[in-house]
Each structure stands twice: as structure tokens, then as C-alpha cells.
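Right after this note come the structures.
Note that chain A is present in both complexes that follow, paired respectively with chain B and with chain C.
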Partner chain A sequence: MRLALAIGTFFILVIHGIVFYNQFGHPWERNQNTYFDQAKVLAKTDTEKAALAARRPRIEQIVVSNFGETRVDRCTTCHIAADDPRFSSHAEPVKTHPYSATLGDYQKDGKWERRHKFAEFGCTVCHDGQGRGLDAEYSHGRDEYWPDPLLGFTTQENWRKDFAPKLKGKEYMEANCAQCHTDTAFAGTALVTRGRVLFFATNCYGCHRIEGLSDGTIGPDLSDVGRKWKLDYLWGRIADPKSILATSIMPKFNLKDEDIKALVVFLKSRKGRNFAETEIQRFKVKLTGGAELVQATIKPVQINPKEMVKQGEKLVLDRACTACHKLGERDGGIAPDLSQEGLIKDSEWIYDHFKNPKSTMPDSIMPAFRFTDDEFKAMTAYLVTLKGVTAPPAGEAIYKNYCLRCHGEKGDGHGPIAEHLDPYPRDLTKAGFMNSKPEARLVNSVRNGVAGTSMPAWGKLLNEEQAKAVLSYVQSSFTKEPRREVKPHAIPEKNPVATSKESADRGEALFVNRCAGCHGKKGDGKGPNSLDILPKPRNLRNSFFVNSVDDKRLFDSIEYGVQGTAMPSWIDYGLTHNDVGDLVNFIRSINQKPKGGQHAAAIQ
Partner chain B sequence: MSPVTPPKPSPFAALLELPGNVWKSIFRNPLPSNDLERSATSFTNFFLHIHPVKVHKNSLRPTYTFGLGLVSFFLFVILIVTGILLMFYYVPSTTQAYDRMLDLRGTVAFGTLLRNMHRWSAHAMVAVVFLHLCRVFLTGSYKKPREFNWVVGVVLFLLTLFMSFTGYLLPWDQLAFWAITVGTAIAGYAPIVGKDMQFLLMGGTSVGQEALLRFYVLHVAVLPSVLILAIAIHFWRIRKDGGLSRPEDADPTINLEAIPAVKASVLEPKKTYGLQGLVRGPLTKVGQIPDNTVFSWPNLFLAELFTFVVTLSAILIVSLLFNAPLEEPVNALHPPNPAKAPWYFLGLQEMVSYSAFWGGIGVPTIFVLLLLGTPYLDRGPKGVGKWFSRDRLLANTIFITFVVANIIFVIIGTFFRGANWSFVTPW
Partner chain C sequence: MAVNLKRSSGEDSDGGKTSRRRMLGWLTGVGLFGSAGLSAVSNFVFIKPRATYGQPQRFSVGKPEDFPEGTRSVLGARGICIVREGTKLAAISTTCTHLGCTVASAETGFACPCHGSRFDPDGNVTGGPAPRPLPWFQVTLAPNGEIEVDKDIEITPGSYLTL
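== the complex of A and B ==
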């Protein structure tokens, strides 16, 4: 017992010894002593030498409160020669911080003067890193938890090995320069400027919001992305979006490394709030939305009427349309194929869709991009020239060529781009639906399309025979059950209730009572039950669709249900012809003014 | 016999005797050489007088107690000392707390060691207090007359958990912020009062400046005071309840027939009685009955010193080898996935992932109520003082089941849960 006690006590003493040794043997003290010794050799006068001899190692710090929160930078504790010009050719850390005319440093009486004096700016405002630390590991931000490692110098252990080498280089520090130098064309922040141009040129702004620059809503807000994320994450999210978030719908833009670097530096400079900004400036930008900045950033292409198609092609290919759409070999895997756009859409539709995608397809996720009208016209002119290839005769080949992208390999509606479409593509394996519709209607859907949805009119590509061929292929491969004899339903020839406000009000009351569970109170198809239902309940505010179907079909769907979907037969739940008449009047009343067409006049 | 004339004190001699005199004025006893002095050492020293003069041999058996109670206490002492030192550097402000952590890690002399010691002692204390609780249960030591001290002990265990939990927030890094967000959310699942309790604890609807201040005050003032008071009661009751529990056969049986039962009053009718005369029980047994006790000096004190040395060395070694974690500064908009509570609450969090109410409130409440009620439900006198006594098979089985289940949940929650709380294998 006593021996153990003695050993234990000795042990405690030893540990305390180690602790004390660590405490008083700091590397920074050695650095400072090295500096004192070398400075003594360089010293010219005896007083200077005496002063150096009297100096003892101590913690040096610069406290800066000019830039946001108070910064305490102890970097000069190790980098003690940073402001001593005699050490310009020594090795780090006892080395002079380089003087550079591009940083604004100037020579006065043969001596360099700094534009950004350390005492006023500190270090971390430009370099990042952890100013408070006295240990290289932590101060340089090598430990994975520090959010701002030295910009362009320090990479962290857990960064992706293939990205990390690309994230070195002092040009990354431009992101911090831009915290004060906010002019859009500041010479010292060329990469930020380039990144800003790319942000618009590659259509990032369509999905992402950056306060004062853009207001996209599909992707995350990037206003303070530079404060939230480190370089490797920004690089990764642009170069390989799905590697970081498997569910990301961000397209993989095929950018060159220099372009990604410019974007990363630009994004790193977005820290929510710049030091240069005042409250009133922020407020003004908020009021105007910053729309004019976009036009100032990218120079619009001067459209020459004679070369419209060519210029349009260049725009479509250069400005990242194929990051989502398919066009020839390029395929973004998110949006429909444009290869035969000229045969399935007309120029009015395309132009309207450009100006405001939702005006032609109410639930489209395509952002409204800010091209000039002339540019839109040129792109439209190019797209209508796209005729694709002649449709093959066999049903299977037709399906694989045109239908598979949305309806899927198995015909179940889960095609590669299906999740980005609203309404969702029809599940062709649902025999209940497919077999209860007369063939004429299916052929009509194929050849004339379904208004207000992503199903285009294939009529110019597929003749009656080809449409029937593809339908019989669908029938035999996916639906599989033989076509049933459809019993004629007892539905009125025309709406028995006259259109009136009272009728629509009765219809609304009935709708809220019976239909809102799935179709939603607003009729937008987003009722509380809609999440569990596939196919999704129809958006009854999609005027293009609603106006394309006649009363007879509405009566049929409501009274006898839609087989293969969750829509029940309401005749069985006690609705009369008159009730349904009221409902139809209500549905018609909320689709009075179809949007779209307001821009089409410009195309003529 | 002439009176001895005291030698004339010379100032020089006084100076020579100074160290000895100072020593003697502080410690009244010389190093003891006989039993009387050994007893006196215990009760004339302020710090030692909480101990009995003699202690039962069973209490000194290392494999009986493993010194767990003492280790808990010493850890608490380490925590108080390091905690007070840390308080000199800490500011409970959302804008400064994290910077202070960086200063402690990089600049303050011994800052890293202090923080490491405080952190690891806190984790160790939670674990050791729990092990101590298991020891007391599995040796049946909560039985009469120690019922109430068991209740005090369970309260101490809960206080320790809460103490550790409130301290968890103070570094104000991502780990702290989200652990407390999750932890307080678990409290919010309690019926009726849950949401109010959560609001009271956080001083708002989310963890922020108010929560930090509240947790700080709880951690450095309220809880330590309560804990110290409860520890005092706990120790006092150990003495009053007859020392540590021991098996019945640890004491030789006293043959009462051999000694005629006499009433104290018969001996000296006219005498006013001292404390000795009022002792309950048939007789004072000093010197007459063989017993299994030994003097506290040096047996008990050496054992305690040994425990302290081992505890301190262990904490020092761990603190030298492993740094206390410090993650990113708080970002309330960017939760880590998964956000995990402190490890000792991960069992709860794991259960919460199955059922919010039962996991977070139901099962733990039942467990705590059962613990508190154990000495009043299990009234059988047998099985005291023996590990895993067969007489207490049922109680031990129930207890071990609860403990093992909780440990398994903690292990699953700590190592086997990844993003979105999905099951992952750590290898």
C-alpha cells in the first residue's frame, strides 16, 4: 500500500513536471528568441542592440474592432518579423510580410510603406485563420472544426484529396479583399468579378438567391454562403453536387477548373454582410432587389436579325441550358429533351415559356432567367429549327426514343427526369386507368399532348399509325391486361346547372367538404392527403389543363371516378347530377383567365 | 520534591522551536504511537473528524466498495478546483464564450490542462457515480437503516447528471449547442409541464443568450450549492446509519447472557449521567467484546489517500493525452447530422427515436421512481452486504436488466447511429 502510494505520488509529480515543461517551452518563444538573435546581428547601433538584448519573449497581439466583431490577432507572436523589412529573405515564420504594389503598398523616401497597416487591419481580416491561437496547428486552422483556415494556404485533413490541391493559392484571398472592395470591377478582385459574371452566365442565379443580386428560390440562398462553408465544400458542391448531398437536384455543370475556382472565390466572398456596407445601403438594395446589377454584370449579346438562329444556338449551348435539358449529346438529366423542340412546340409557346415558365406550364420548376428579349427571341428562333430525327416505325423504338425519359424504362412513370415534373408522368402499368379509356382518347393524348403538363403534342412526329403502334407496345409490355369493353356511363350531355355565382358558391361549399382532402382547399392539388397518393391529385388551378377538357369529361371523372387513381366514383357517395354541375361551375370559375400568351405578341 | 523551575526561555531557542510550535499549534497530536493518540488524531482534526475512530474491516475490503463513493467525491473536488479556476476566464455571453475557449486552448497558462481536467472529470464523475449506485444496489446496502441515505444518493446521481448537462452548453460550440437543443427537447416531451419546463430552462423557445446565462448560473452557483449540501447529508448519514453496510456474519455474536443486564441508573443513583449513560442498547461494549474493527489511523486514511492519488493521476494522464473537444462556433442554422445529446443521455435519445414520450419521459421516470422507492418496496432484511446475494435475486435481476438495457441503448446511440439517426456500423 505504502509503496503504491509512493509510486502514485511520484507519478503525479512527473505529470506536473511535463505540464510545466510544456507550458514554458512554447515554440513561439523560440521563434522570438531566434528573431532577437538575428536582429542583434543586423542591428547597426548599440542602443538598438541593447534594446534587443532587453527584450524577452512575450505574446504580441493586435486588437482590431474596425471590421465587424472585435478581432484579436496574435499572429505576430510567431510572425514577429512581419513588419521588419530586413527579414524579407528569411524563412517563415520569422520573415517579412511581402510588400506589394498591387496591395497598395508604396515607397516613401526609399522605404516601403504599407497601405494596409497591421496595427489597423490585423491579419485574419485578409488571411482568415484563428487569430487567438498561439499554436500553428490551431492558428492556421488545420483542425477540422475551425471554419476559416488560412485562405489559399491551409487545407484541412478531411478535405477531399482530389480537391484539396486545387484550393491552394493566394488568389483565394480575393474573397476577403471583396469584403471591403465591393466595386464590381475592382482590379484587385479579378476572380470575384469573374465569378460574379459566371454566376449569371451559367444561370446559377436562376435557382439561387443572393441578397442584392438574384432571387432564385429553387436552390439554397447563397447570401452568406462564404461564412457558412469552407472552400472544399463550395468546390465540391459545384464540381460534383451529388457527392456531398445525394438528394441534391443541382445539375452537374461541366465547368473548367478555372471557372469553378472563380465561382468558389466569388461565393466565398458572400458573407451576408460586407464591412463596406452601411445599413442604409443594405436597405436600398433590398428595396430595388438589385435587378440592374444583373444587366450590369453580363453584357447582353447584340442580336443580328440575320444570324438569329446561330446566335441563339450559341446562347443555348453557352448559357448552361443543357445543365438540365437534353440536346443532342449533352444531357443534364433534369428537364425534357429539346432535340425535336421545333416539332412539338411552336415559337409563341417557347417564347412565353422563356419569359415566364409558369405562364405556359403552371407547375414548371424552370426558373425565369433574365435574358434580354432579343436574346430570348434568338434562342426561340434556334429552338424551332430543331427537328430531331425521323421517328422510327416500331412501337418499341418510338417509346425508347421519346417516352422513356419521362415514363421510365418500366413504364411506371418513374423516368429519369420524372421527379422534376409536375404533374408526374402517367403510370402506364396501371391497367385500371389505361383500359378504361377509349383508344381514341389515348391516341389524342399522344398526338395532341395534354395541355398544362409536360406531355407534348407528338402529332408532327408520329402519325396515327405510329401513335397506335406505340400504344400497343405500351399495352403489351406495361399494361399487360387486355383492353376491356368500356360501359357507357350515364352522364348528362351538357351541364344541367346554368353558370351563375350562386351555383359556383354552392360548388365551392361542396368542394371544400368533399374534395379538399386531396385537391386542397384552393383546388391546387395539394390537400393534406395528396402526399400519400400516386398519381398526385390533379391541380384544378392548372387552367391550361382544365380548359382543355370538356364538361362531359369532368362529369365522367367526378361521377364515375378515374380508374387506376385515388379518385372515387362520387355517384356512390350521393352526389347528384346537379351537385356535380355546381362543382363543375366552381372549377370553371377558378380558371377564368388562362395565363400565358401575354408575351407572344412580341415574337411576331 | 521541589517544583521544577522552568528554564528561562531564550529568544534563540524560541526561534529554533518555531517550526515545531507552529506545527503543534495546527495539529494537536503528535504522530500517534498508541491507541489513544490514534483515536485523538481522528477527532481532533477538522478534516478527519467526519471519520469514525475505528472502522470495520469489511469497509476496508477493496473489492467490497472499489472506493467508488470516494472516487466520486474526489472527482467532485477536482471539478470544484478546476471549475473555479476556469471561471476566472469564462464569460457567459454568446459573443464571447467561444473566444474564451480559444484563449483557454491557446493562450492561457495551463488553460488546456484545466479544461481537459474539468471535462474528463465531469464525464468520469457521471460514470463513477452511476457505478457507485450500482455497487450500493447490488450489495443490498439500501436496506434498513440506510433507506433515506439511498434516496439522498439517487438525488445526488440526478444532480450530477444535471450538473454535467448544464456544463455541456458553456463552450458554446456546435457540439454544445446541439446537444443541449436535443437534451432540452427531450424534456419538452413531458406531459402538461414539458413545454413550460423547456421554456423555463432555455429562457426562450430556442437555445440562445438567455439559455447560456441560465445554464451558467445553474452550473456554477445553484447546482454546486445543492450538491454540496446533499453530499454533506449523505456523509453525515453514513455515520449515523452505522457506517458502511456489512454482512451479518461480519460481526461476532455477542453473548448477552454472560453480562447481566444492568440499568445505568442502578449503578449510581445519585449521579447525573453523562452521554455514555444514555446510550441506547443493553451495554457499552468498549473493551469487553471482540470486534472486527481497526483504527482509522492509519488504515482508513491511507486507503483514502491512495484512492485520491489514483483518481488524480488517472485524470491527469487522460487530460495530458486527450484534448477536450471544441467544435465549430455555434451556427444555429446548420445542425450537424445527427445532432446528439451528451453520451449519458444518448440512451434516452435512442429510446426517444422509438417513442418520444416513453423514451424521453415514461421509461426514465419509471426508472427513477423505482430507484427512489426501492428501499421501501424491498423490505426483506436479508442479503445485506454481499455482492449478488441470492436472497435478493429478484431485485438484482430487475436492476441489472434496466442497467444493461440502458447501457446497450447508450452504446447504440453513441456508436451505431449516423445521419438521420439511421443505423450505421462504426467500422
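== the complex of A and C ==
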């Protein structure tokens, strides 16, 4: 017992001793003593020597409040010779900070003068790192949880080995230079400017918002991305989005390393607000949407009418269209195949879709990109020349060639790009749906497409026989139930209720009561129950679709339901022909406004 | 344990050899009092922080050319007055030694606006409640050619840095 007590107390003493030693024997004290000793040797006058002799190691700090939050930079505690020109050839940390003309340092009477004085700027404004740290690991930000490691110099243990070496180098500091030097022509921030150009050239702006530059809504807002994320994360997200977040829908752009570097530096420079900005400048940017900067950044291609197709091709291939779409060998795996675009769409549709994707496809997620009208025309001219290859005769081959991308390998509608399409591709394994529709309607859907959806008209590629062949392949491989004779439903030939405001109002009241649960109060298919239903309830504000179907089909769908979907047969729930007539009038009334076509006149 | 106690107490009586019990007692004592002592020392040391979040006490005020000969420039934010006489240079505190107000430069030297203390151009008290003259701080010429003032080091009034 006594022995244990003795050993225990002795042990405590040792621990105390170690703590004491650590607290009073800092490496920085040794660094400072080294500096004092060497400076004494270099000192020329006795007063200088005496002044050095009087100095004791202590924590040196620079308090800077001109750049955002007050910074306390204690870097000069170790790097004590940073501003002493006599130590330029010594080893770190007791070494002069290099003078550099590119930083604005200048020579006067043969002596270097700094443009950015440390007393005014501190250290972390440019270098990042943890200013308050007094220990190499923490102050350099090597700590995993410190968000700003010494820019371009320090890589961290947990960073991906294949990226880490690319994240070294002082170029990354340009991101911090750009906090004050916002001028796009500034030579010191060439990478930021290049990154900004790439942000537009690779169409990042289509999905991402950056205050004062772009307003995409599909991806996260990047206005202060530089403050939130480290270099390696930004690099990883650009180089290979899915490697960091498996559910990411960001396409892989296959950029070159130097392009990724420019983008990373540009993104790292987005910190919400620049030190150099004044309120009035911010307000101006807000009013104009940053038009000045955007205009200076986007360089439109001059389109020569004779070489339109060629220039269009170059635009389509260079401007990352294939990051989402498929075109020949290139496949972004997000959006439909463009290989036979010229046969399934016409130039009006393509041009309209370019100008405003939602004007031709109400639920398209494709962003409206900022090309000039001439560029859009050239791209349209190129796309209509795409004819693909001659369709194979066999049903299976046709399905694999054209249908699989959306409807999936198993025909269940979960194709590789299905999750990005709205409406979702039809589940072809649902025998209830497939067998309740007459073959003529299915052939019609294949050959003429379904208006307002991603189902294109395959008529120019597939003739009647080929359409039937692919349908019989679907029937035998996916639906797997023999077709039955469809019993004709007792539905009126034409709407028994005349179109009128009163009828539409009655229809709306009925709609809110009976239909809004799934189709939503606005009829946009986003009712509270829609989340649990697949296929999703139809968006009844999709004018292209609603206007493409006749009253008879609406009556059929409402009164007898749609087999294989959640739409019940409302005749069993007490709706009369007249009620349905009111509903149809209401649905027609919310699709009055003709949409689309407003841009198409431009390409005549 | 009981056996142990008995045996050690038996050996305790012969004075010459240090017994096991005594040895352990010493060890325990040294350990306990040693760590208590160290903690006490550390506590006293930590009463005064090694760094505070104020502006640094040692700072550079610019080149000698910034202070033309024969001028007295008050640097309000730094709390000092740089006095340049010919090739000589000094830094005098502008914090009143009475209650810490910032003194203003006056024709006769310095005048404190709070309680009317008066100082001559060298900082000596000429009137008012101030108990001590204004301190002079060490001024050195840094290797990069700038003037460095160290407010931690007070020097005897009247000693100048010769450029």
C-alpha cells in the first residue's frame, strides 16, 4: 500500500514536471533564442546588441481588424525573422519572408520595401492557417478539423493520396489575393479569372448559384463555398463528384488537372463577401445581377452562317453538353440520348428547349444556359443533323438501343437516367396498365411520343412493324401476361357539360375535394399523397400533355381509373358524367394559355 | 500488510539505516509536496497571461523619414508620441500616469484633459494630480529599416536612439 502510494505520488510529480517543462520550454522560445543569438552576431552597433540582449522570448502577435473578423496572427512568434532582411538564406522558421516583385514589393535605395506590410496585413489573410496557434501542427492547420490549412502548402493526413500532391503550390493563394484584388484583369489572380471563365464555359452556372454571377438552383449555392470547404473536398467534388457523395447528381466533367485547379482556386475565393467590397458595390451587383462581370467573363463565339453546323458541333462538344447527355461515345448518364436528335425533334422544338427548357418540357430539370441566340442557332443546326444509325429490325435490339436508357434493363422504368426525368418513365412490367390500353394507343405512344414528357416520337426511326416488334418484346419479356380484349367503357362521346366559367368553378370545387390529395390543389401533381405513389400523379398543368389528349381519354381515365397506377375509378365513388364533365372543363381551363413556340420564330 | 508494518516498525529504532518505511515516506512526501509546489508555481506564473488580445506591445511605426526633424507626432492608437530632434529619436507614452487618460500634446509639453495634469516636453510632471512622469519606451531601428517601439521596456527619460 505504502509502496503504491509512493510510486503513485512520484508518478504524479513526473507528470507535473513534464507539463511544467512543456509549458515553459516551447519550441518557439528556442527559435526566438536562436534568432537573438544570430542577430547579435550580425549586429553592428553596441546599442543594437544591448537591445537584443534585453529581449526575452515572448509571444509576438499581429492584430488585424481590416479584413473581416479580427485576426490574431502569432505566426511571427516562430517566424521571428520574417521581416529581417539579413536572414534570407537561413532555414525556416527563422528565415526572411521572400521579397517578390509580383507581390508588389519594390526596391528603394537598393533595399527591398514590402507592399503588404506584416503589421497591416498579418499573415493568415494571405496564407490561411490558424493564426492563434503556437504549435507547428495547429498553426499550420495540419489538424484535420481546421478548415483553412496553410493554402497550397499543407496537405493533411486524411486527404486522398491521389489528390494531395496536386493541392500543393502557392498558386492556391490567389484565392486569397482575390479577396481584395477583385479586378478581373489583375495579373496576380490569373487563376481566379480563369476559374471564373471556366465556371461559365463548363456550364457550372446552370446548376449553381454564386451571388453576383449566376442563379442556378439545381446544385448547392456556391457563394461562400470557399469558407466552407477545404481544397481537397472541392477538388474531389469537381474531379469525381460521386466519390465523395454517392447520391450526388452532379455530372463528371472530365476536366484537365489545370482546369480543375483554376476552378478550385476560383471556388476557394468565393467567401460570401470580399474585403474590398463596399455596401454600395454589393447593392449595385444585386441590382444588375453582376451583369458587368458576367459580360466580361463570357466570351461568345462569333457564328459564321456558312459554318454553323461545324461551330455548333464544337459548342455542343466543348461546352459540356455531354456531361449530362449522351452523344455517340460520350455519355453523361443524366439526360436523354442526343445521337438521333434530328429524327425525334425538329429545330423549332430544340431551339425553344434551349432558350427555355421548361417551355417545351414543363418539368425538365435542364437549366437555361446563357448562350447567345446565334450560338443556340448553331447548336440547333448541328443537333438536327444527328440521325443516329438505322434502327435494327428486332424488338430486343430496338429496346436496347432506344428504350433502355429511360425504361431500364428490366423494363420497370428505373433506367439509368430515369431519376432525372419528370414524368418518370412508364413501368412496362405493370400488366394492369399495359393490358388495359389498346395496342393502337401503345404504338401511337411509341411512334408519336407522349407530349410534354421525355418520351419522344420515334416515328421517323421506327415504322409500324418495328414499333409492334418492340412492343411484343416488351410484352413477352417484361409484362409477361397475354393481352386481353379490352372491354369498351360506357363513356360519353363528347363532354356533356358545355364549357363555361360556372362549370369550371364547380369542377375546381370537386377537384379540391376529390383530386387534390394526389394531384395537388394547383393540379401540378404534387399533392401530399404524391410522395408515396409511383407512377407519380400526372401534372395537370402540363399543357403539352393535357392538350394532346382528347376529352374521351380524360373521361375514361377519371371514370374508370388508370390501371397499374394509383388513379381509382371515380365512377365507383359517386361521380356522374356531369361531374366529370365539370372536372374536364376545369382541367382544360387551367391549360388555356398556349406555351412554347415564342422563340421558334427566330430561327425561320 | 500487518506483517510489513510490524517488521518495518521494528527496524525503525536502529538509527543508522534508513528503513523501508522511512524511504517510502520520503518518496511520498517529495512526490506530493513537489507536485503541489510545481502546481503552485505554475498557478502564479499563469496569473499573468503570456499574450492578450490587445494590440501588440512591440510594433513598428514606420521609417525614420516619416518623422521629420524637430517634430513631435502623437500616434493616438498606439498611445505614444514620437519625438524627433535632429538625428535623435524617442517614444514617450501618452497615457497619463494618474488615471490612464490619453494626454494631449500642448505647447508646454503634454496636458491631460481629465484632471488637468501637466507635463513638460520630456514628460516630467509640472502640475496636477499625476504621481509620476510619463514613461519613455525603448526605440530600436529594426533590420528592415523601420523604427520599432517596445512598450514593454521602459528606459530612462532623456535617452534617445541615435540614427
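Criterion: the second predicted complex is superposed on the first by the 595 of 604 C-alpha atoms of A that agree within 3 Å, B and C clash if a C-alpha of one lies under 4 Å from a C-alpha of the other, contacts with A are read in each partner's own complex, and residues count from 1 in each chain.
Methods note: a residue touches a chain if its C-beta (ideal position, glycine included) is under 8 Å from a C-beta of that chain, and two chains touch if they have at least 3 such contacts.
Keep in mind that this is a model prediction, so the values were computed, not measured.
Asks: Overlay done on chain A, so just call it for chain B and chain C: clash or fit.
Replies: Aligned on chain A, chain C fits beside chain B.
Asks: Please work out whether A:145 is in contact with chain B alone, chain C alone, both, or neither, and reply first, second, both or neither.
Replies: A:145 contacts chain B only, not chain C.
Asks: Please indicate which partner A:133 is in contact with in the superposed arrangement: first for chain B, second for chain C, both, or neither.
Replies: Touch partner of A:133: chain B, not chain C.
Asks: In the superposed arrangement, does A:74 touch chain B (first), chain C (second), both or neither?
Replies: Once the two structures are laid over each other on A, A:74 reaches both partners.
Asks: Regarding the shared-chain residue A:18, is it in contact with chain B (first), chain C (second), both, or neither?
Replies: first
Asks: On chain A, which partner touches more residues: chain B or chain C?
Replies: After superposition, C is the partner touching more of chain A.
Asks: A:9 contacts which: chain B (first), chain C (second), both, neither?
Replies: Both partners.
Asks: On the A-aligned overlay, A:59 touches which partner chain: chain B = first, chain C = second, or both, or neither?
Replies: In the superposition, A:59 touches chain B and chain C alike.
Asks: Who does A:84 touch here: chain B (first), chain C (second), both, or neither?
Replies: second
Asks: Going by the contact rule set out at the top, does A:48 touch chain B (first), chain C (second), both, or neither?
Replies: second
Asks: What is the contact status of A:111 with respect to chain B (first) and chain C (second): first, second, both, or neither?
Replies: It touches chain C, and chain B stays clear.
Asks: Smallest separation in Å between any Cα of chain B and any Cα of chain C in the superposed model?
Replies: 5
Asks: So chain A touches chain B in one structure and chain C in the other; where do those two contact lists coincide?
Replies: 1-2, 5, 8-9, 11-12, 15-16, 19, 23, 59, 72, 74
Asks: Okay, in this complex, where on chain B does chain A touch?
Replies: 95, 99, 102-103, 105-107, 109-110, 113, 173-174, 302-303, 305-306, 309-310, 312-313, 316-317, 320, 326-329, 331, 333-334
Asks: What does chain A use to touch chain B in their complex?
Replies: Spelled out, the residues of chain A in touch with chain B are 1-2, 4-5, 8-9, 11-12, 15-16, 18-19, 23, 59, 69, 72, 74, 130, 132-135, 138-139, 145-147, 228.
Asks: Please output the residues of chain C touching chain A within their complex, sorted ascending.
Replies: Contact set of chain C toward chain A: 1, 21, 24-25, 27-28, 30-32, 34-35, 38-39, 41-42, 45, 50-51, 53-56, 58-60, 138, 140-145, 152-153, 161-162.
Asks: Could you list, by residue number, the parts of chain A that touch chain C in their complex?
Replies: For chain A paired with chain C, touching residues are 1-3, 5-13, 15-17, 19-20, 23-24, 39, 42, 47-48, 51, 54, 58-63, 72, 74, 83-86, 111, 117, 119.
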